[in-house]
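Look for chain A in each of the two complexes below; its partner is chain B in the first and chain C in the second.
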Partner chain A sequence: MSVPVHIHNISKSYEKVEALKDINLEIKAGELFGFIGPDGAGKTSLFRILTGLILPRSGTASVGGLDVVNDFKKIRQITGYMPGRFSLYHDLTVAENLDFYASIFKTSLKENYDLIKDIYIQIEPFRKRKAGDLSGGMKQKLALSCALIHRPELLILDEPTTGVDAVSRKEFWELLNKMQQSGITILVSTPYMDEAALCNRVALMQNGKLLATDTPKNITKRYQGQIFALHTNKMHSLVIDLENTAAAAQVYRFGDSVHITSTSGNDESFRQIITASLEEKGHSAIQMIAQQAVIEDCFLALMDKNQTL
Partner chain B sequence: MRTILYILQKEFIQIFRDKAILPIIFVMPVFQLLILSYAATFEIKNTRFITLDHDNSVQSKKLIAKFRGSSFFSFSGQAVNYAEAEQALKNNLTDQVLIIEPDFEKKLKLEKTASVQLITNAINGSAASLMNAYATSIVTDFNKEIIVEQMPQKFLGMPIQVKPVYWYNPELDYITFMVPGILVLLVTIIAMFLSGMNLVKEKEVGTIEQINVTPIKKYQFIAGKLIPFWVIANIDLGIGLLVARFVFQIPVEGNIFLLFSVASVYLVVVLSFGLFISTLTNTMQQSMFISWFFLVIFILMSGLFTPIESMPDWAQFLVKFNPVAYFIKINRMIMLKGSGFFDFQKEFWLLVLYAIAMFSFSTFRYRKTA
Partner chain C sequence: MYAFIKKEFFHIFRDYRSMLILFGMPVAQVLLFGFAITTDINDAKIAILDHSKDPVTRDITQKILSSKYFILEQNLQSNNQIEAAFKAGNIKEVIVFEQNFAEKLQREGKADIQLILDATEPNTASMLSAYSSGIINTYSLQQMKAANKVPLSIVTESKMLYNPELKSVYMFVPGVITILLMLVSTMMTSISITREKEMGTMEALLVSPLKPLQIIIGKVTPYVLLSFINLIVILTMASFIFGMPVRGSLGLLLVESVLFIVMSLALGILISTISKTQQQAMLLSMFALMLPTILLSGFIFPVENMPVALQWTSHVMPSKWFIIIIKNIMLKGVGIAYFWKETLIILLNTLFFIGMSVKKFKVRLE
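Here is the complex of A and B:
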């Protein structure tokens, strides 16, 4: 039912920009695989290569043993793709869109009802509404239904939760988990770090490069050093003041606090050095709380390394 | 094949759901036909003329009276001197000045010859030559009368007389000539724009991305874009023919099925042309401008307003690639002359060739992979 995806030395460039640099990835059948990275990381380009929409400059890739360049027609039969931009017909109703995509794949809603039932139930009350008039979350659900209507073995979702409210995002990921259980390989890209933890494995991408590929747990485990969340009475100058402190390996804003990493191994002395230098610069009410690294910390650390290379 | 039907179903739902496009498709052509056919006429009526009569004799008054009696001319005053006549032309108060020399009558009687001068405002060249032709024919008529009057015994009639008979359009009615041409124009505009806009719209809105990852084949997609507007343009042609028949009293002399057959081939050419443009462009704006560029050239060089035969050689060569010119020619032949297939089979086969070429081009150019 589900297919593995192999990506070997894939590169792609547009005129002057190198979108993908020598990407290697093995995605197992039935995996829920996440691509995490900022805009312009190359996630969409990789997806477009896998669906046969663009050709790689070099390298090979295959979906279930089918080559993306030579067998793209067969791949399209077994792949469901949901582009980042809502690409269904705004002027057709929910039902018309579904029927259209079903008939193009020579199937029908009835035939695959069991697969999309959970999603379809949520959009069914709006059957007669035009797709363009749906809310963001509903649009995503409709797009997912259309991508699933032909019972694909590989589902590719390009930033499905961008611009969707928090509740809908949570629902959406629950749906993805269900899809995975019914035996579909799922590739999903997202700029939201918190969603990474919901994948089996993730690939962190930046500037067309893979920074790391592993399970979310292993990625955070690999983080070197101890993170402290800092709060003081002068938050606005905190980052600049810390950057001038040699002991700090890495400093960045994280939510409403500032994260600082100690790589010395001796956390207590690190704490004292930081506190002392901050007091010198006029900070008071200094709070330093030790934190577990999350994906975002790892990603920022890797990004930092990548840029200095 | 089933897939094409599903695409067609989708296209028709979209077209008929669009509240703006429906009137464009069915009402606009009727209005254009009604307005253009009456307005786009080359007939000159009510040419304004003034006279500058240096003679003021019985004969000169007679000549002026002849001008004033013609429905082509409308008398708009008398100038007293040349400067005044020139000023009137300059200020656009008159189109023509008729100048009669001094002693016009005397010269006619004694020397048997006299001259008049005609000054015509030739800003619009074709109108000027028509005005001149009308005026000359009035003077010729006047000549004849003088001969009859002065030497009735000698007048045996003109040695050679031309008696024109106008076939296929006996009254030289301009509307009869224009309507078949304008019909072609309307169908062309509808076909070229609607098909072109439609594909580009899918690109602009982004829906093409989802279509591209489906197993839809290129030719199926192009056919799905082409057939709806092919049907609509044919219906428009039918409406136009009804207007021609019942408003302008121009029946189709030839076989109406033959007309629709030619139209069907022709429409494939124009629709594919529009689609071809839209495969090359990314926004409706680009597509619109390029379509207009070709359309204006096609229309002005179609023989609708100016005969192709009077164009320079290079232009006549270019016209060979103008599908509009072929269909206007064939449409006029079928509608006015009742021509059969063999009368225009060369043009017909050229259109067929053109249709195949354009459809192949647009199918080839439409890429599912970028």
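Here is the complex of A and C:
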């Protein structure tokens, strides 16, 4: 039912920009694999190579043993692809869109109803509404149904949760988990770091390079140093005031706090050095709470390293 | 396939702008060309300056005004009023009779009438001049017959074949049919394909197992049907409103038109493969096709009067050949034997455009 994906030394460049630099990846059959990275990291280019929409400059890739350059027609039969932009017909209704996509894959809604039942139930009340008038979350659910309607073995989703509210995002991921259980290999890209934890394995990408590939747990485990979340009475100048402190390896805003990393190994003395230097600069009510690293911390650390290389 | 065509119809029927272009424009164009841009002359306003005021001049004036072409706007009294009358802008022509007109005619057998015309519109002016001299000549011939004098002058008589009244509708209808079929077919298909590119739906279609030919046929079929309906509407209007005849075989006319429609559609697809946005597709169809079709096909300006380079360009226009075909069928009423060459040219064009567009249709995004 599900297929593995192999990517060997894939590179791609547009005129002057190098979109992908020597990417190597092995994705197992039935895996829910996440590509995490900011805009321009190369996620869309990689997906388009896998669906045969663009050609790599060098390297090879295969889906279930089929080459993406030579056998792209066969790959398209077994792949469900949901492009980054909403790519359904705005002027057709929900039902018409579904029927259309079913018929171009020579199948029908009835035939594969069991697969998309969970999603379809959510959009069914709107089946007479035009796709252009749906909310962002509903649009994505409809697009997912259309991508799934021919029972693909590989599902490729390009930023399916971008521009979707938090509740719909959560629902969307629950649906993906269900899809995975029915035996489909799923590749999904997202700029949201918090979604990484929901994948089996993730690849962190930046500027066309893979920074790391592993399970979300292993990636956070590999984080070196101890992170502290800082709160003081003068949050706005906190980052600037800390940047001149030699002891801190990394300082950056994280939500409503500031994350600071110690690499010294001696957390207590680090805590004292930071508190003292901040008090000198007029901060008070200083709180430093030790934190577990999350994907975003790892990504920022890896990004830093990548840029200095 | 069927689903694709159905979907395409939904697109067309739900977009009121497409509907307007498809069905509003043909009707408006036929009426515009038929009524407004007519080159026939009706009710031209003229002034008369009669220095003689005798029975003969009154008789000629009567004859001129009783034709349906002229209306008397004012009677002038002296030569220096002529310029003022033209400047006022209402009149197109002044007819001046010399002094003692009847007397001179009687005595010398010759008298002068001067026609002064407003040549800011040269076509109208020359036509008015021809009409009025025609009426005057007829009058003098009648007079001579009445006086039992055999005229010695040789009168040349021109006979206008196929369009004896020189009706401009006969000239415009074939042109309008050509332009509308071209416009609707080429522009609408190129726009509808580039719209899919712009909306990102093309990406989804490409990733489906659909073959390029299937996508193209699905896109094009609705427009073949709609263009055909358009053709029927134009022909009906031309026949009922303007009395345009179809002297040849109607079936042949329809078959040739369908061939031309298919050719235009193929051209539209070709345009869509080389343009990225709807605007680009529209501009390409408008300026690269529409204007040359109107200007160079011989629809408005005769090809024979063009510089040689433009004449050659005009031969490349498929629309030129189609206009020849329609005129042959509708006005001359001849059969395929007389225009198989033109038909062959269009057929070859069609095959060429279809081949090119299937070849250029990209199965990938770049």
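By definition in this document, the second predicted complex is superposed on the first by the 309 of 309 C-alpha atoms of A that agree within 3 Å, B and C clash if a C-alpha of one lies under 4 Å from a C-alpha of the other, contacts with A are read in each partner's own complex, and residues count from 1 in each chain.
Assume a residue touches a chain if its C-beta (ideal position, glycine included) is under 8 Å from a C-beta of that chain, and two chains touch if they have at least 3 such contacts.
What you see is a predicted model, and the numbers here were worked out from it, not measured in a lab.
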Combined model on chain A: chain C and chain B, fit or clash:
clash
Per the contact definition in the header, classify A:81: touching chain B only (first), chain C only (second), both, or neither.
both
Chain B versus chain C as contact partner of A:121, first or second or both or neither
neither
Tell me which partner A:276 touches in the superposition: chain B (first), chain C (second), both or neither.
neither
When the two structures are overlaid on chain A, which partner does A:289 contact: first (chain B), second (chain C), both, or neither?
neither
In the superposed arrangement, does A:17 touch chain B (first), chain C (second), both or neither?
neither
Quick check on the superposed pair: does A:240 touch chain B, chain C, both, or neither? Answer first, second, both or neither.
neither
Set intersection of chain A contacts, chain C complex versus chain B complex:
48, 51-55, 72-73, 76-77, 79, 81, 83, 85-92, 96, 100-101, 103-106, 146
Could you pull out which chain A residues touch chain C in their complex?
48, 51-55, 72-73, 76-77, 79, 81, 83, 85-92, 96, 99-101, 103-106, 146
Please give the residue numbers of chain B that touch chain A in the complex, ascending.
2-3, 6-7, 9-10, 13-14, 17-18, 205-210, 212-216, 368-370
Under the touch definition given earlier, write down the residues of chain A that touch chain B in their complex.
48, 51-55, 72-73, 76-77, 79, 81, 83, 85-92, 96, 100-101, 103-106, 146
Mind listing the chain C positions that touch chain A in their complex?
2-4, 7, 10-11, 14-15, 199-201, 203-210, 363-366
